[in-house]
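Chain lettering (A, B, C, D, E and F) follows the sequence in which the chains are written, and residue indices restart at 1 in each chain.
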Amino acid sequence: MKYIENFHDGENISDIYLVKQMSSAVTKNGKPYVNLILQDKTGSIDAKIWEPNSAGIEDFEVFDYVLIYGNVSTYNGALQISVQRARKCREGEYDPADYLPMTSKNIDEMFARILNYISDIRSPYLKQLLESFFVADEEFIKAFKKSSAAKSVHHSFVGGLLQHTLSVTDLCKYLADAYPMINRDLLISVALLHDIGKTRELSDFPENDYTDDGQLLGHIVMGYAMVSEKIAGIPDFPQKTAGEIKHCILAHHGEYEYGSPKKPAIIEAVALHHADNLDAKLEIMTELLASSQGTDWLGFNRLIDSNVRRTSE
Amino acid sequence: MKYIENFHDGENISDIYLVKQMSSAVTKNGKPYVNLILQDKTGSIDAKIWEPNSAGIEDFEVFDYVLIYGNVSTYNGALQISVQRARKCREGEYDPADYLPMTSKNIDEMFARILNYISDIRSPYLKQLLESFFVADEEFIKAFKKSSAAKSVHHSFVGGLLQHTLSVTDLCKYLADAYPMINRDLLISVALLHDIGKTRELSDFPENDYTDDGQLLGHIVMGYAMVSEKIAGIPDFPQKTAGEIKHCILAHHGEYEYGSPKKPAIIEAVALHHADNLDAKLEIMTELLASSQGTDWLGFNRLIDSNVRRTSE
Amino acid sequence: MKYIENFHDGENISDIYLVKQMSSAVTKNGKPYVNLILQDKTGSIDAKIWEPNSAGIEDFEVFDYVLIYGNVSTYNGALQISVQRARKCREGEYDPADYLPMTSKNIDEMFARILNYISDIRSPYLKQLLESFFVADEEFIKAFKKSSAAKSVHHSFVGGLLQHTLSVTDLCKYLADAYPMINRDLLISVALLHDIGKTRELSDFPENDYTDDGQLLGHIVMGYAMVSEKIAGIPDFPQKTAGEIKHCILAHHGEYEYGSPKKPAIIEAVALHHADNLDAKLEIMTELLASSQGTDWLGFNRLIDSNVRRTSE
Amino acid sequence: MKYIENFHDGENISDIYLVKQMSSAVTKNGKPYVNLILQDKTGSIDAKIWEPNSAGIEDFEVFDYVLIYGNVSTYNGALQISVQRARKCREGEYDPADYLPMTSKNIDEMFARILNYISDIRSPYLKQLLESFFVADEEFIKAFKKSSAAKSVHHSFVGGLLQHTLSVTDLCKYLADAYPMINRDLLISVALLHDIGKTRELSDFPENDYTDDGQLLGHIVMGYAMVSEKIAGIPDFPQKTAGEIKHCILAHHGEYEYGSPKKPAIIEAVALHHADNLDAKLEIMTELLASSQGTDWLGFNRLIDSNVRRTSE
Amino acid sequence: MKYIENFHDGENISDIYLVKQMSSAVTKNGKPYVNLILQDKTGSIDAKIWEPNSAGIEDFEVFDYVLIYGNVSTYNGALQISVQRARKCREGEYDPADYLPMTSKNIDEMFARILNYISDIRSPYLKQLLESFFVADEEFIKAFKKSSAAKSVHHSFVGGLLQHTLSVTDLCKYLADAYPMINRDLLISVALLHDIGKTRELSDFPENDYTDDGQLLGHIVMGYAMVSEKIAGIPDFPQKTAGEIKHCILAHHGEYEYGSPKKPAIIEAVALHHADNLDAKLEIMTELLASSQGTDWLGFNRLIDSNVRRTSE
Amino acid sequence: MKYIENFHDGENISDIYLVKQMSSAVTKNGKPYVNLILQDKTGSIDAKIWEPNSAGIEDFEVFDYVLIYGNVSTYNGALQISVQRARKCREGEYDPADYLPMTSKNIDEMFARILNYISDIRSPYLKQLLESFFVADEEFIKAFKKSSAAKSVHHSFVGGLLQHTLSVTDLCKYLADAYPMINRDLLISVALLHDIGKTRELSDFPENDYTDDGQLLGHIVMGYAMVSEKIAGIPDFPQKTAGEIKHCILAHHGEYEYGSPKKPAIIEAVALHHADNLDAKLEIMTELLASSQGTDWLGFNRLIDSNVRRTSE
């Protein structure tokens, strides 16, 4: 496959790309045409269909995978494709992994480790709660495996939510072992559940954008609601524990200014917040360093709030 | 009835008071005694039962109304009662209004006005939602009528939640009339619902303190959960409207730092937040001015964040 | 009239436009020309006079209304006019309402309602103060009717100050009725006066920009000074009331960070600040929603400090 | 004279003290008595007149200087005077300097230096403005010489405003010489005028507390108003300069959070703000160090926002 | 030994206590006496020597361990000792562990684990740097083993610095294993070194208070200086690595407002900051929970910035 | 010399310019070329060497002074040079003052004034410390004379550090004379030393950018380290004074948020911080006003945090 990052002026292309955006427009002299943005995992490019009603242009929609014939030229300093023919492809003609950012880890292996954590939970109520999501709820499992952990900040790729959840849970397991005051079952449980609201806050890839409820309510409150609903379905779930689980989810951003309506008040909430923050910050640094080269300073990063540098050998 | 604010050194008292706190203690030479705090609507006073096992001291508990025989003396500069006899009273022997801070307005009249607002709602779904609380849910109605709107800040009296809710709704009706972009049905509905979480955040009078879930979750999220549950029980409730109602409740404190996990994003949420804040601030000023005299400066008030003064005639 | 928003490449225009900006320039080969920005109420457009000394180009200045003959072309992706002839117009040849953003309400009716409020004031001193502005001061009245309430934030159109003042006063009347601790006469008076400094902070339309004193002093202090001067001319004006009026004006932004040198310390100042803020926020939302379409999210708004959405039907 | 800081239990005193506070009270058995706080420049002490109607107790009021006969005893761990006789004294019987905190510098010499600065001003308008205060306005001059520069923070003694003004002006003269962009006449003028509002913000010694207008308006705006009024009385005063003077006064606290409604926008306003702040901070340190001994750390000081230490020799 | 927390009114005591404070005073009638504060690991108590020159009162100083004969009485509501005899004790007569807060872990075992970490370092320069402190510098080792990690916030006991350092290093080892971008040698090294400035910022127990340089410079900069000095003594130490080590120490508080003059700019500095913060927060929670009982809310904690609760079983 | 600010389209140039940046690139059809940025003291311009391997193009590097033959054209609205010939020049062929921003004052005269200050110091230890830098350390003196005081904010020209240091010291001398509590020797010494870390934080002109250690450590800590090292070499340097000097340097930014790890705790540190800030702010205003014309408002300045205006005559 010819990746977009390798396109150059003057060449012809004939390969499958994902349609990220599509809109109709009219030229100055009144002729309709179509604006596209095509995407693969290496980047995106503008494309124009100047003859939308011609024979070679078949019907397709945003987020379809489309076989594009066209040629590349430069316009206003950027490359652009004039599309001569376009045909919507069927699943199987393409590998989505070529079009979407994807975790470098194995999704099934990661999910197996999640299930392992659950099998180690001793409290029958907490185990039942976790299984109601990660074992019994097919739809949830499918969404959880695919979701990113963020729109753009960190882990913004397919499998990102799973990878982040596992990484936070690993760290929480370490903390539960190192600090005896921590209730291990509770901390592991809330680590596994803390970001499940993201399966509904963000739409599926390739869109991966905030949903309407995502913007109106946010993943913290949405995850709280999902957990509350499952708990309500478990007979005799201890009320105190229910309050603590919900509190840990509501407080996991640690500060009001980051959208937590409560600040951590129990030790597991304190631990979860810091584990979440620590994984996020180290993943941001990791992605930053992985996407750059050389040992120079990499410029100011808003999330780290500092100019950032690669460590010398 | 002899009110606590009128007690003085040396007098004997024999009247019914509310037991606000009670604890056992031991004197230096090993004799057990009981510490009490007695309360009526004019104030509170320390009391000691030096002979807890004597004939005249019958069994009672915190928040009981107790007939106290004793005499008042001064200790360390403050008045104190030595209790000689104590007997728990039955409902009917006393008027709770003498012991609890109470709204000066008529609770039933206020509640009737709430129902009036509901009957004016045109959207059948919103009306059904409101009725599921204010008409159909006996337990909720009972709690709603009794609750305060806060532990201490403002409207911290029986009926305070009802009074505040009505006052905010009145103002929201004004705003819906004055600003045509506002959806009147939606704004009136969220005004009526915005603080219902307080029925669970604070325990009943005479305690009126934060519940465990109140501290762990907060009334904003608790109210959101209560509304979500009722909406889930209404067939075909429009999903967009559901998101907007929930958003208005989550955002009604207006700022992250005041515990709102979301900031107002639709015009009704903006209006509700400001109406809530305006009523709170004017009620704080009203209570401050009502509880003081003279035209001098009243000192710094933390909530108004200024030294405060009564307006001249 | 041909409005600017309807111009397109290649057409000839011959209509009257307001000259918003004008500057002289020299081409690379040393030939002088003139840069203009022309404006009507639908937008603005660049224009060039390539032959400034030719016969058809008569003298005019910034903020003149000028009859323009020219043709429209595209340069660097934007439309532009090459001006062939230009003639300054006299009052009467054009309707200023076609060139300036203008309130959609009737200015005289709004002003009549202001006078109505004044006639209801019972305090003779307050009435005399208000009349010294709104009845006796011709120059003030003329400026007050024309002013915007802001350079760009909200109510930034002719009549905007009048509309905002009336809207705040209406809300204050509601508050004075609803909260008995409020001194109605005082609150209505300061509502009417709170933004009068804006008649001097901003220059007249079509400029509508900060004056020198506007930037050095600000409308809060300028309004305070205007009121102080009028009060000084009213015999026996009660000193306490004078202090309270001045305080309400100085404190009406509510917070130091918004330029108020004092925070509200009396209940009328608290009410005025919140009424002013509430009207501003609801007008911002109203203008935002009115200027957009569809039910999608409208993007982040700096003043609302949130991504903003239209409410569903 | 016997100073209050030297009183001890059991001694009799018969000397003149200032009555700082006075209130009537009633003993438990209904007998009226009088509470006093007496003050001299070394401190203050509680006093009681147990027989207010007895022969030796003559009439006096708060802030009178009163000859007190009484004896000192200990009550609740603090010293207290039982007053047997009391007589109001006439001016001449006492030296106010014994009762009020007072600048250690010579007031007349300091004022002469102020006049010297004025005589060096070259701009006739600025000179006229300064003279309208410091030469022509007897009442102002009297108040200016007596005022403190603050209720308690720094320079809170008779002559403090004069001393602070001179110190800031000296520093501004240095700056005008060192930085050629500064307009010397303008900076010296606003240095002399920047705090004149304090003559009205604070009441006279011995009270030295905020006046009603002081709290409602603040010295920044009051000083601005005083200057505006005098400028209005000077024919042909240049309008630009008037705006700049007013701006420097309004902006001299430098930040909104310190009550400046504007931030410094011209170089003289920048210089004035920093000179004012620098003198305040160094005077705070000077007073702190002067009032303590030893080389140990002196504890946390809120204004310096640090634990503070004396420099080693 | 009779611990201070068990004292009661009227009993005689004869045991050894640490003298935490000592000062001379004079009674009202001119008789000299001595004020003491005595301490053991359970608390502290006021003591008075009314006859400082009597036969039984031998010489001793602050921080001596003194055998006290006296009797306990109540004064102003608190217990107090009247000392009849006092004799300074020699080392061996008492066990300092009875008088000082002490880590519950074994100091030598903890230190052995530190050395273990050092032996695993592969970089010869980093190993040499660490050995210059933890192997070669006797004085440093002695101080490091004894120091607390703070005056009062957390780990404020003998061995606290060692315990905190080890805990942070353990966590950093976990992070170095879990996040491959991290340079393990560098992160372990700076974890071991990050708080060594505390050996000079705080004086030894029993005082454990800020030193003069501790207050003037702070442990961050002091630790930086200690490391810089050792690095300067190691030939050919890589300059880039030296800068990174120093940066990690300077940035380990993560934010300017917590006294870090730089914010973390390399991934190891990010990891160290979060590991340090996480251990501090979990130790604060652990100490809080260990020092209280019951499952009630424990009240507001300033460092956690929340009301805090024990987790239910 | 033909300065860059005077270039215009179409002319040929043949003069010496400083090469500020240089990078290789490839055209679309694979032909290598070189991008340059050329600079003189009036500005900078893009240049292209389309034939890098042609005869007239000799070898040179970034920061070389190069004789350029080329012609000026317009590309994308900006001027650009096509370089035909280029030759590296030797020292002597050009005057660096034509290429670098340079103080308008005489460097040697300023340095002589520094030495004068040192000769007036009475404390032998402080004098020795200052001489160890300003008399004995050739390398330091050379760097100190050349350094700017900042990358871009203020005094960002050759000699800027010297000019700023002298200006702050002059002001500190004034303060030491005016405020008797100040230790003159100490304040003058730390004024001279406060910014010496900038000789290592910023690289030499023409680069004048942050060094690696500059970014990792910052000039505050670097200056502290430089002073500590020199003090360690002076026998018997008083320890208290050493702590105070180091503290003044560490605290001279005054606030944590500006990178000071300590806040000023002694009066000399307070004075130094304010003197440093005052000179910076007045120099910013001076440079702003000097680089503009007219009396209009100059727009918002981030460092002054206000829209800024020139003062009227």
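Basically, a residue touches a chain if its C-beta (ideal position, glycine included) is under 8 Å from a C-beta of that chain, and two chains touch if they have at least 3 such contacts.
Model, not experiment: these values are computed from the prediction.
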- Query: Minimal path length between chain B and chain F through chains that touch?
  - Reply: 2
- If you check the contacts of chain D and chain F, which chains show up for both? C, E
- chain C and chain E: spacing of chain centres that average the CA atoms, whole Å: 63
- Query: Distance from the CA centroid of chain E to that of chain F, rounded to the nearest Å?
  - Reply: 43
- Note on the structure: Within chain B, the set of residues that touch 2 or more other chains is 212, 215-216, 240, 244, 262, 265, 307, 309
- Task: All pairs of touching chains, please: list them by chain label.
- Result: A-B, A-C, A-E, A-F, B-C, B-D, B-E, C-D, C-F, D-E, D-F, E-F
- The residues of chain A that touch chain B in their complex are 212-213, 215-218, 220-221, 224-225, 228, 240, 243-244, 246-247, 250, 256-262, 265
- Message: Could you list, by residue number, the parts of chain E that touch chain B in their complex?
- Response: 8-10, 297, 307, 309
- Residue positions on chain D within touch of chain B in the complex are 28, 212, 215-216
- Residues of chain B that touch chain C when the two form their complex: 167, 170-171, 174-175, 178-183, 186, 238, 240-241, 244, 262-268, 270-271, 274-275, 277-278, 281-282, 285-286, 289-290, 304-312
